[in-house]
Amino acid sequence: MRAERGFAPPGAPATLSGVSVKELRLDVSATPYGVQIGLTTLRDGLRGIGIDDSELPSVELVLAEIFNNIVEHALAETEDGVIEVGLQCTPNGLWITVEDDGNPMPDGKPPLGLLPAVDVPVCDLPEGGFGWFLIRELAHDLTYTREGDKNLLVFRMAVGRGE
Amino acid sequence: MRAERGFAPPGAPATLSGVSVKELRLDVSATPYGVQIGLTTLRDGLRGIGIDDSELPSVELVLAEIFNNIVEHALAETEDGVIEVGLQCTPNGLWITVEDDGNPMPDGKPPLGLLPAVDVPVCDLPEGGFGWFLIRELAHDLTYTREGDKNLLVFRMAVGRGE
Amino acid sequence: MKLSHRDFADVRVISVTENRIDAACAIQFKDEMRHLTDTGPGRVVLDLGSVDFLDSSGLGAVVSALKAVRNGQRLELASLNPSVERVFHLTRMDSIFRIYDTAETAIEGKSDAR
Amino acid sequence: MKLSHRDFADVRVISVTENRIDAACAIQFKDEMRHLTDTGPGRVVLDLGSVDFLDSSGLGAVVSALKAVRNGQRLELASLNPSVERVFHLTRMDSIFRIYDTAETAIEGKSDAR
């Protein structure tokens, strides 16, 4: 994990005074195995900033889908791509930022993430196309911005508000 | 059925003297329904020239595969195409000629007709590609020639040698 | 192309009421089969007893019907006439389908007999 | 990606011995599943009890394993952890697979129970 640096995700609420800022930053190597290692590392980090064990799976799933898409699509042609992740626990949930310097989203927007039809013959069942559906199901307040040659995703997970 | 005309399929043996020539000619309209009607009509005609009921299915199958391919491939762009069929019973079997004025065979040769693999998952099973396999399994001495802008197929079915 | 069907305890028997499945009716056969398997139980038997001619388009349509079943659903065949059986045999498709001599033995047959 | 398997009278139980099926191992999982269903009996149960993380690549790999079965063969699932079950539920894939609470109930379950 990198040294912490100033952190204020666009769209995230200003940190309330008196509330301890719990944040985490991580560089993830943009390969399938890098993603695997990154997600495993984040499990411990998330526990450390107050995310309950029962809340970890949905955070891990959303991050996995976002990371996988960046590896497969945004940074597909890049050898040593890096994904920068920031996570901050706030009273209204866990705010997450994900940055990469790969290709922009198609049409400059993240996919709609419609659920592929599953009441079809076995041979026609979809083997993919669930990624952005899952992201949109589980993430809140998601914004995407293209800043220069970087992609920036900011969103909130409704976790970490326990006690 | 058209009026009979001189009939000597290239490659067919000269008709032996003393053996009654039993032949049949038919124009088949090059559409799926035309093929259906043509094949049904041929059933009676084939019985008439001495083909046994038990031998009809293989002849009908080979003709169906050849006709279907002509409709789908050789004459696909033609509105009112016609397939000319000649059948002649000889001591060494039923000689058949099939003529159309559609596109030539790919590479100037009829397909090899290899059996598609069937020991595969259900979803990968072939739904087509059996036509020329069946033709080559059941027909003998098959030759294809492109004559001007016509395709000519000549082959022998090992039927009609009964009694 | 007309298909009729009879439903038993845990099996639907679909009968082809015409005597050929060929290039002229393959697409219609596929569509009707799709509807009858969609709405059918876990086991469906296609009775081909009336069919005395099946070409490779017809064979492809039967394979296509197999590929359109739901998870756990099975499509089996019954009453193949010799000329139809021959096409299944030549193309090895007889190794893909469970084939019963008659619809009756199919109905009696245990669904997990394969 | 390590898969182990145990064969019973008429069912093969395949167990994933790692704790995740994700983008890094999805292809390997597919290949090994394909081999184990190819050589397996008519009924195969995939025991996911050790898996505590499955992403959409992993889900796609399980669907792909389903699409690779032979005619009449069925692939069923057992022992989904809550996080894995959630992915199946959100994507409606729980309507496609027969899912047993444990591998044991799957083994006892009648093969034509669906």
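Going by the order they are written in, the chains are A, B, C and D; count residues from 1 in each one.
The definition used in the following text is that a contact is a pair of C-beta atoms (placed from the backbone, for glycine too) under 8 Å apart; a residue touches a chain by one contact, two chains touch by 3 or more.
Each chain and its UniProt protein: A, B = Histidine kinase/HSP90-like ATPase domain-containing protein; C, D = Anti-sigma factor antagonist.
Predicted model, so just to flag it, every value in this text is computed and none were measured.
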| item | value |
| --- | --- |
| Most distant chain from chain A by Cα centroid | B |
| Comparison of B-C and A-C by number of C-beta pairs in contact, larger one | B-C |
| Centroid spacing, where centroids are CA-atom means, of chain C (Anti-sigma factor antagonist) and chain D (Anti-sigma factor antagonist) in whole angstrom | 29 |
| Rounded Å distance between chain A and chain B, as computed from the means of their C-alpha atoms | 63 |
| Separation of chain A from chain C (Anti-sigma factor antagonist), taking each centre as the mean of its C-alpha atoms, in whole Å | 49 |
| Residues of chain A whose C-beta touches two or more other chains | 122-123 |
| Per-residue multi-chain contacts in chain C (Anti-sigma factor antagonist), two or more chains | 66-67, 71, 96 |
| Chain contact graph, described as a line, ring, star, complete graph or other shape | complete |
| Footprint of chain A on chain D (Anti-sigma factor antagonist) - complex, ascending | 20, 22-24, 52-53, 55-57, 59-61, 63-64, 66-67, 82-83, 86-87, 90-93, 95-96 |
| Residues of chain C (Anti-sigma factor antagonist) defined as touching chain D (Anti-sigma factor antagonist) within the complex | 10, 42-43, 66, 71-72, 74-75, 96-98, 110-112, 114 |
| Of chain B, residues touching chain D (Anti-sigma factor antagonist) in the complex | 121-123 |
| Chain A residues within the chain D (Anti-sigma factor antagonist) interface of the complex | 32-33, 35-36, 39, 57-58, 60-61, 64-65, 68, 71-72, 115, 118-119, 122-123, 125-128, 130-131, 133-134, 137 |
| For the chain D (Anti-sigma factor antagonist) and chain B complex, residues of the former touching the latter | 34, 67-71 |
